[in-house]
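Think of it as A, B and C in the order they're written, each chain with its own count starting at 1.
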Amino acid sequence: MRVAGPLVAELRKTLTLPAAWAGIAVVVLGSIAITVLNAVTTRSAIDAGTPERVANTSAFEAAFAAMPLGTVGAVVLGVVMISSEYAANSTDAGGGRQITATLTAMPRRVSLLAAKATVLVVLVIAVAAITLPITAGIATAVIGGAGTETVTPAQALMRGLGGALYWTLTGLIATAVTLLTRSGLIAPIVLIANSSVVSVSLLLTNLTPLAHWLPDLAGRRLFTGVDTVDGGLAAGPGALVMAGWTVLLLAVAAVVFRRRDA
Amino acid sequence: MGTRVLAAELDKLRTLPVIGFTMVGTVLTGVVIAAALAASAAAQGTPSTVVELVLAAVPFVQVGIILLGVLPAGHEYDGRQIATTLVAVPDRARALAGKTMATVAVVGAGAALSIGAAHASAAIAAGVTEVTLTADRAPWRLAGAIAYLAVIGLLAHAVAVAVRHLVPALVAMLGLMVIISPVAAGLTEHARWLPDRAASQLYADTDALLTGASGALVAVAWLAAIGTLAAFRFIRLDP
Amino acid sequence: MPAGRARDRMVGMLLIDQLVKRHGTRTVLDHVGFEARPGRVTAFLGANGAGKSSTLRILLGLDRPDGGTALVGGRPYRTLRDPLRTVGSMLDGSGAHRARTARDHLAWLARSNGIARSRVGEALDQVGLASSAGVRVGRFSLGMGQRLGLAAALLGEPQALVLDEPVNGLDPEGIRWMRGLLRDQAAAGGTVLLSSHLMAEVADVADDLVVIAGGRIVATGTLAELTTGYDRLEDAFFALTGGDAGAHR
């Protein structure tokens, strides 16, 4: 019962933030849009008799192409949960920041961070549970049996779960970074850019194999079944390494949060 | 009279610490990435040119440029300074023009410094790591890269004015440039009409349909569209 | 002579005329009209949400009214060149970005309106922030932020002052200083319009009162006129705005 109170409070706080809904909308609607575009393009290529125009004709792959958007949404959620605490009100409204109310209501800061982390996990998984089946369904409906399915349903499920895990861990890293830096700018820049084609980590792998142990690269196999990176960690060990980074960053953030003035 | 507004806007940027940090960070990104690309080419034994190395660093540098472009307008909405600005300069068209020119200055300086530093870094790193250097074909592409970055920075500014929030504008621009754009490019050839894809023809020669000039025109059209919407919001609506 | 004096009066006067403002279906300002005359301190009294800030925001060109006009010296605020040299205002605390220093904030303000750079130091001295000039605004207390907002209002040595809750967060010394500042401004022929809901302060400093409730003006007049028949301004205020039963004689 003592756990439920703070958890529900943090959940309500987050769900009443317009920015959180904006992030969720981006993931859900954006993923649907990209999947539709992808599926229609694939279908028309098949129908025109030129299936080699597209990378592959698998319906599941068409749906998975939108997965990077989920990272953006998770980062938005992670950032917004912290930055909303530190945003200052107008002097008309007393000029205060929410962090004061939050910490007087819940002075155990590590528990507070744990509650926020739990809420993030719940929300990201919920969004994944909604988005991935819908996109897979749309892609299957549009492409249907016309394409050659290279992904078995079991594989699709594993990749969906892996993707959701990647989103969740990235969102948690965003929370930790935003709490440490108290700036809403750094996490988006580092995490969104790095999980994309402009990945500094990926570039570093050409110089040293140690780069494969960076959190976003370690988790890369969670995203893609196809080997896009040579010499990286397999999905399982990679997930563990990424989770390890996440726990480490959250722990550092928790320690700093506890000792710092509000 | 208009120079006062521009001078005040430049004062604002000069005294905002994050602008300086971002400028330094963007230039350093250019230096480090160019060197890393050179080392990478050496490690894999692929021949390259110094200019090619610099151009390959542009997508990384654009992340910092996006932040530089979002900040001048975005920081006004990160707090309530926008009301102070509009009370000081109630002629909103003039206020927006001044702010836009200041953004161009900051983004242009960031782009030029980053490309210049990246060039030096690539040249040095290529020598140190003994990259197989082939002759540079088109050094004018460096100017195209600077122009591309300026366009991206301006686009970020337009988005920030339209969106009226700092972090959402940053996330939107980043999402569009580094996620949506490449994904769309992988899906359809029509992605060439996206502003960053079209503008990239200023320094890359990868598209069958668009040249540097026509690509720039497409990007300017996007800028005009988003900019008009943003200007309307800024000038006509309550802050 | 009379025409010249009328023109002088126009120069400093703040005129609100039949102002209407709606937010969706809610009418925030319902034909609000009053004057703030030069040489006098006009207090704009009302409960929270009565429409004081909305009126001032329209006066300063921030929001657009759905009807009516708000004029500064006969002209809309937006048509003023270098408005900070005509009207100094403080609407929402410091109005500064938290990462900038107090000095740098006033510096860009001064530059934007062609105000001499030396005024920055003078204004900071005047409000007692000289020692905090190089401190980031984010570290300011509520009172310091208010002082910075006041420094911004005084920066251009304007003829008129428009202040929203100016004594909010000030300590007793600050309140007394503010009272002196406002009376000096009025005595020198300047126009002062301040909105407040602190009855004691208003009773000490105001010449004219404008009382607003529910978006409508319920009373205008001199302080003496409006408090006739009441023990305190507070009683008059509640009676006029339909507050508690009131304790008038």
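A few comments on the model shown:
Assume a residue touches a chain if its C-beta (ideal position, glycine included) is under 8 Å from a C-beta of that chain, and two chains touch if they have at least 3 such contacts.
Source: prediction; values computed, not measured.
Minimum number of contact steps separating chain A from chain C: 1. Central chain by Cα centroid: B, whose mean Cα position is closest to the mean of all protein Cα atoms.
Look at where the CA atoms of chain A average out and do the same for chain C: the two points lie 48 Å apart.
Here the spacing of chain A and chain B, counted between their Cα centres, is 25 Å. One simple way to say how far apart two chains are is to compare their mean CA positions; for chain B and chain C this gives 42 Å. In chain C, the residues that touch at least two other chains are 92-93, 98. For chain B, the set of residues touching two or more other chains reads 18, 79-80. Multi-chain contact residues of chain A (touching two or more other chains): 88, 90.
On the side of chain B, the complex with chain C involves touching residues 1, 4-5, 7-9, 11-12, 15-18, 75-76, 78-81, 83-84, 86-92, 236-239. The residues of chain A lying in touch with chain C in their complex are 88, 90-92, 95. Per the touch definition, chain A reaches chain B in the complex via residues 19, 22, 26, 30, 34, 37-38, 41, 55, 65-66, 68-69, 71-72, 75-76, 79-80, 83, 88, 90, 184-185, 188-189, 192-193, 196-198, 200, 203-204, 206-207.
Taken in their complex, chain C has these residues touching chain A: 53, 92-93, 98, 142, 145-146, 165, 168-169. Only residues 57, 60-64, 77-81, 83-84, 89, 91-93, 95-101, 104-105, 107-109, 111-114, 152 of chain C touch chain B when the two sit together in their complex.
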